[in-house]
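Have a look at the structure below, then the notes.
The first chain written gets the first letter, and so on, giving A, B, C and D; residue counts start at 1 in each chain.
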Amino acid sequence: MVEQVPLNHALIITTLMFFIGVYGFLTRKNLITMLISVEIMLNAVNLNFVFFDHYLFPGKLEGHFFSLFIIAIAAAEAAVAIAIFINLYRNIRSIDVEQVDKMKY
Amino acid sequence: MEFQYTIWIVALPLLAFLINGLGSGKLPGKISGWIATIAIGISTFLSYQTAFQYFSSPSRDKIIAFKTTWLRFNDTLHIDLGVLLDPISVMMLVVITTISLMVFLYSQGYMKNEKGYDRYFAFLSLFSFSMLGLVVATNLFQMYMFWELVGVSSYLLIGFYYDKSSAVAASKKAFIVTRFADLGFLIGILMVSFYTGTFDFEILTNPDNLSFSTTASFLGLSTITWALLLIFMGGAGKSAMFPLHIWLPDAMEGPTPVSALIHAATMVVAGVFLVARLFPLYHAFAPTALEVVAFVGAFTTLFAALIACTQYDIKRVLAFSTMSQIGYMMLALGVSGYGGEEGLGYTASLFHLFTHAFFKALLFLGAGAIIHAVHSNDIREMGGLRKYQPITHLLFLIACLAIAGIPPFSGFFSKDEILAATFATHPIYFGIAVAVAGLTAFYMFRLYFIVFWGKEKTYDHTPHEAPTIMLLPMIVLAVGSVLTGFIPFGHFISSDGQSLDLHINWSVAITSVAIAFAGIVVAWKFYKTESDSSDKVARSFGSVYTSALNKFYIDEIYILITKGIVFRLIAQPLAWFDRNIIDAFMNLLAAITNWISSQIKEFQSGQVQKYAFIFISGVLIIVLSFIYATQ
Amino acid sequence: MNILISHIAVPVLTTLALMFASTQKQVRTIAAGGMTIQLIQSLVLLYLFLQERAGGNDAVVLFKQSFAWYPSLGISFDLGVDGIAVAMILLTSIVIFTGIFASWEVDKLYKEFFISLIVLAAGVYGFFVSLDLFVLFLFFELAVIPMYLLIGIWGSGPKEYAAMKLTLMLMGGSALLVVGILGVYFTSDVEGVRTFNILVLGQHHIPIEMQRIFFPMLFIGFGVIGALFPFHTWSPDGHSSAPTAVSMLHAGVLMKLGGYGCLKVAMFLLPEAAQEMSWIFLILTGISVIYGALATVVQTDLKYINAYSSVSHCGLVLFAILMLNKTASTGAVLQMISHGLMTALFFALIGMLYSRTKTRIITEMGGLMKVLPFLSVCYVIGGLASLGLPGLSGFVAEMTIFVGAFEHEDLFHRVATIVAVSSIVVTAVYILRVVGLLLMGPVRNEGYYNFPKAKWFEKIATVSLIVGILVIGLTPLWLSDMIRDSLGTIVDKLVLK
Amino acid sequence: MGTSAIIFYTIATIMIVFSLLAVTSRKILRAAVYLLFALGGTAAVYFMVNYFFLAAVQLIVYAGGIVVLIIFSILLTSHIEEKMQKPDSWKIILTSILGLGGTTLCLYVITNHLFASQPSTGVEATMTTIGEKLLGYREGGYVLPFEVISILLLAAMIGAIVVAKRNKPEGNG
């Protein structure tokens, strides 16, 4: 693959994916869909790690492990986030992000 | 130093002040009066001793009897406290201590039943101390210090009856008007010291040693002339010269002995003393200033005499008469030259100061005795008092004759010298002076006839003769009023320290005595018996009479300026400006901050997406700027 | 132990001791005891200082001590005093001592009150003994902050507003100060070594372009607390709302930090700019003097009267400093001390009168001389000192300023002096107005006859202040010479171009 | 263009498309499913670079864990039939501008930078190497982050339980 696909192209893909995630995070109103967007962004970052590892520092596996840890943390994050959502839903009967502004000023 | 004891002349009254002041209310009985009187008595004795010792030597040099540095400003300027003895200061010592002693004694009777007896004597001692310190000052600044102290003690004494609103207002007025004049004095001192580098009288009164480092001028007058004019302003304020005279009539709110001591014999002549002290300086560097002195003196003497003819308050008549007499002294100083016969005005002025102190103090004390008996100040409520107060009547008559300038009473001699001095130099001033001599005789005898002759009024209780302790000082002063004219004054005091023979200029003397008699006769005609002839004459003068009665509305003009302009048009708008512009501006700043923060508070909306949006935009902008920067 | 350190230590220890006190009696005994010790050791300091000087020690500052604090930034805790600082420390000791007695009857949160008050005093002491700009600024803030609490909690009237306004305006000044101090710090390094030490900085030369930027910052920064026109408006509001002792301490001492700072920091470190720009500030301070005095004339609240007259008097301090010569600067320091004592006396008396009459409006009172002779006489003495009666401290200070200012070669300065001199008339007007309305005249209210006479602690407070005023007024020479000697280093820099 | 390139670009297209769908779909459950596809695509890329373990983890944790979690929570909190509101158009416009701007910026950087690709050394990410590295405490070992993440996961688990638990005393429960 290294020989056939230049790193630039791979990075273009991840960039696109990342900003798609950003777009989703900023436009979606439902908290769960926002979480989905976050996962997409994380994924893009993971891919980036892997690509850099694979293309530029083969054999070191640093990107590999980083991705691994990110996945683990993402799992934790998702779990906590969803716990919060459920609690929130229980309290205000909605998981609309625009209604969650209790902490302003 | 043989004169070192002179420091006690000044220090003893201070001691009395401290004892009476700190022990106020705790001292038993009337002891405070005796403490003060004994202190001033010793001072008086020492003053006579000094005078005897000083004048018995032929030299008229300035002697520094005592000197200590009190405050240093820089290498050349420093305030010393000390005792300077020269003819005029020794003469003043004698005058002040004598009059003070008499007044202290008199007060023991006069104030016997007043509350605040201790306080009264404390203040009176403070005044004596300040006045003595003033006349023996070795430098301008010491003089200024005591000048202020004199002003304060005058303030305290005028306001002695502090629960009487009119007394409070009068004391305030006196202090503020003189303070305003002192402002001129202070600026004058600063200017003089700036150009000469010294405050010291020894240097300042020796014009040969002085050179003014500037030729700068302002409004056509040299700066030194301005400086001396400003100093004269201080003197004019204390001496109640027009137009700074308005405080003096009101100052009569104080106890009568105070008026006698402060507002007749001693403090009010401080201005004359000041000009006399700096006379060499005036004469050598600022003849223009001296002309102003003469003009102000002449104007005041006439002006005050006219008002005095119309007043009904016994003390106010005397107050205006004081102004008029001090105007005489100023006039004499203003027309005087330096040295020899030229310096006649100088000698005459101080001679008149000397004699005036005695007969004016006597007049006031007499007035005090009358007021004490009648319980009123208004001469319309008096009449026929010669039956009840024969001794006072006699003494008052002596004083009236003295002030009217009838020979052989002392006023005749000194007034004659003043007239002679003006006659030689300024015919117009001479005319004024002679006219005022007539007016003086008229208004004094108007007073005399109304009070002691005239129709008897109904009194609440029979007027009584004053007690001995009050009569005694009056008798002493009366003796002074008769005899002091025969002192060969020119031998002791003259402008250049050389002995000057005073002789009576007969043509002048005859004129003035004739005029004085005319005044007395007119007064006798009008007031000997109650008649309406005086009213008719007064009415024929019409508006002149009314305006003189109202003191030419000077007070009203002052009130307009102070209350109307300074208070209402400057101070109040300023205070308003401070609250509503300056402070409002500060509050506006605060309000703007508040407004801005309430605006940007919106950023803190709680909307996660907004935060993220801004965050990401920020990141992008930073990245962009980095890229831009590294290219 | 170094006597300067103990000057900071005693208030701190007193504060600590106060924390363990419980009853009101204990609290005020501890506070009074601590501040009495402080007063005594200030007198000892004065004695030691004069001894040293008499012994020929002519170092710029005495009792020097230095503790490295943050060496890599050049911050160290440097202590040392010259004659000016000694005089100011003595003033502070007297004022805080009397302040304790003047607030003897505070019964709301008394413990906290005294703690804040003494912390404030500790800040002031630290300010005066510090030679290091950074530490100096630290203590400055330490003195300013408790003010907010003291006014906000124990004040009267619109106290929150006043506390906020005062603190914010002073903080605004502090902001300028920080910039100015850092500016001096960064522009004056020699061979890469930076220091905050004033004496060392004083030997460096700061480029004139930099001076032009930082001088106004430092001067205005200190000027705000010195009530420089037009940054004085915190003073009337703040003082009128503050409790007695706080007004005393604030007007008596804290406002002096401004003049002291202007002289020893702004003028000393940035002399060329000071010379160039003095005329601007001269106009402002000249306005302060006259304007403050005139605005006082129409006030009716006693505290406002005193606050505005403080603006006028403190304006004179800055005015004198800007005259750039020794005599005027000596006068400025004298005026700081004299005004400190006078205004503390006034505020103390106002507090005492207020506790009886329950009003501060002079038109609603009258005839107090008859019912409260002791306090009234004290008030009159304070008033006479304020209007510059010889024999009291005000005269000495004002005359030194006027003579010094008039020494100036430049005509403009002399004309400005004449303008400033005329304030003495206005001062007389407002002082006599107050005395006339408040103390004299007939007794306004029958109830006045039931007023309690002056209590012992009130007498201690007023008498100690009056003694201070009298001592300076009667024998000014030692004080003025002590200050003059210390001004040499500062003024020489200003005069030499 | 070789086979792997073709495969890669295909997978890439799939990922992009499903990502887009995941963030724009107005039915929430569908969005979750699209996410699943995008994640699956990622796993495929991992396979392509021979990181089998990572690919497996990706499938298990993401596709198997997180997506299921998301779907459950959707079922708990939303009506799946309901179409979500369209976001405000100004929001879309602004965000698009931001997104496009960011993309352009990144792409500008990426395309202008020349990456020095290294040839593959043939070190495989075998289970042995991974295990040794993950538990190695010498240089190149990841035992510390491994342990820290273990604790994090534990904490997250407990936290999630606490947060999601019904609070008994007050409220309506």
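The rule we apply is simple: a contact is a pair of C-beta atoms (placed from the backbone, for glycine too) under 8 Å apart; a residue touches a chain by one contact, two chains touch by 3 or more.
Predicted model, so just to flag it, every value in this text is computed and none were measured.
If you take chain A and chain B together, the chains in touch with both are D. Set against one another, A-D and B-C show the most C-beta pairs in contact at A-D. Centre-to-centre, using mean CA coordinates, chain A is 62 Å away from chain C.
For the pair chain A and chain D, the distance between mean C-alpha positions equals 5 Å.
Averaged C-alpha coordinates put the centre of chain B at 37 Å from the centre of chain C. Centre-to-centre separation between chain B and chain D, using Cα means, comes to 101 Å. Touching two or more other chains at once are residues 609, 613, 616 of chain B. Shown for chain A are the residues in touch with two or more other chains, namely 22, 26-27.
Among the residues of chain D, those touching two or more other chains are numbered 91, 95, 98, 102.
The full set of touching chain pairs reads A-B, A-D, B-C, B-D. Taken together, the chain A residues at the contact with chain D in this complex read 1-13, 15-24, 26-30, 32-33, 35-37, 39-40, 43, 46-47, 50-51, 54-59, 61, 64-65, 67-69, 71-80, 82-87, 89-90, 95. Interface of chain D with chain A (complex): residues 1-2, 4-5, 8-9, 12, 15-16, 19-20, 22-24, 28, 31-32, 35, 38-39, 42, 45-46, 48-49, 51, 53-54, 57-58, 61-62, 65-66, 69-70, 72-74, 76-78, 84-85, 87, 91-92, 95-96, 98-100, 102-103, 106-107, 110-111, 115-123, 125, 129-130, 133-134, 142, 145, 149, 152-153, 155-157, 159-161, 163-164, 166. Only residues 91, 94-95, 98, 101-102, 105, 108-109 of chain D touch chain B when the two sit together in their complex.
On chain A, the positions that touch chain B within their shared complex are 22, 25-27, 97-98, 100-105.
In the complex of the two chains, the chain B residues touching chain D come out as 609, 613, 616-617, 620, 623-624, 627.
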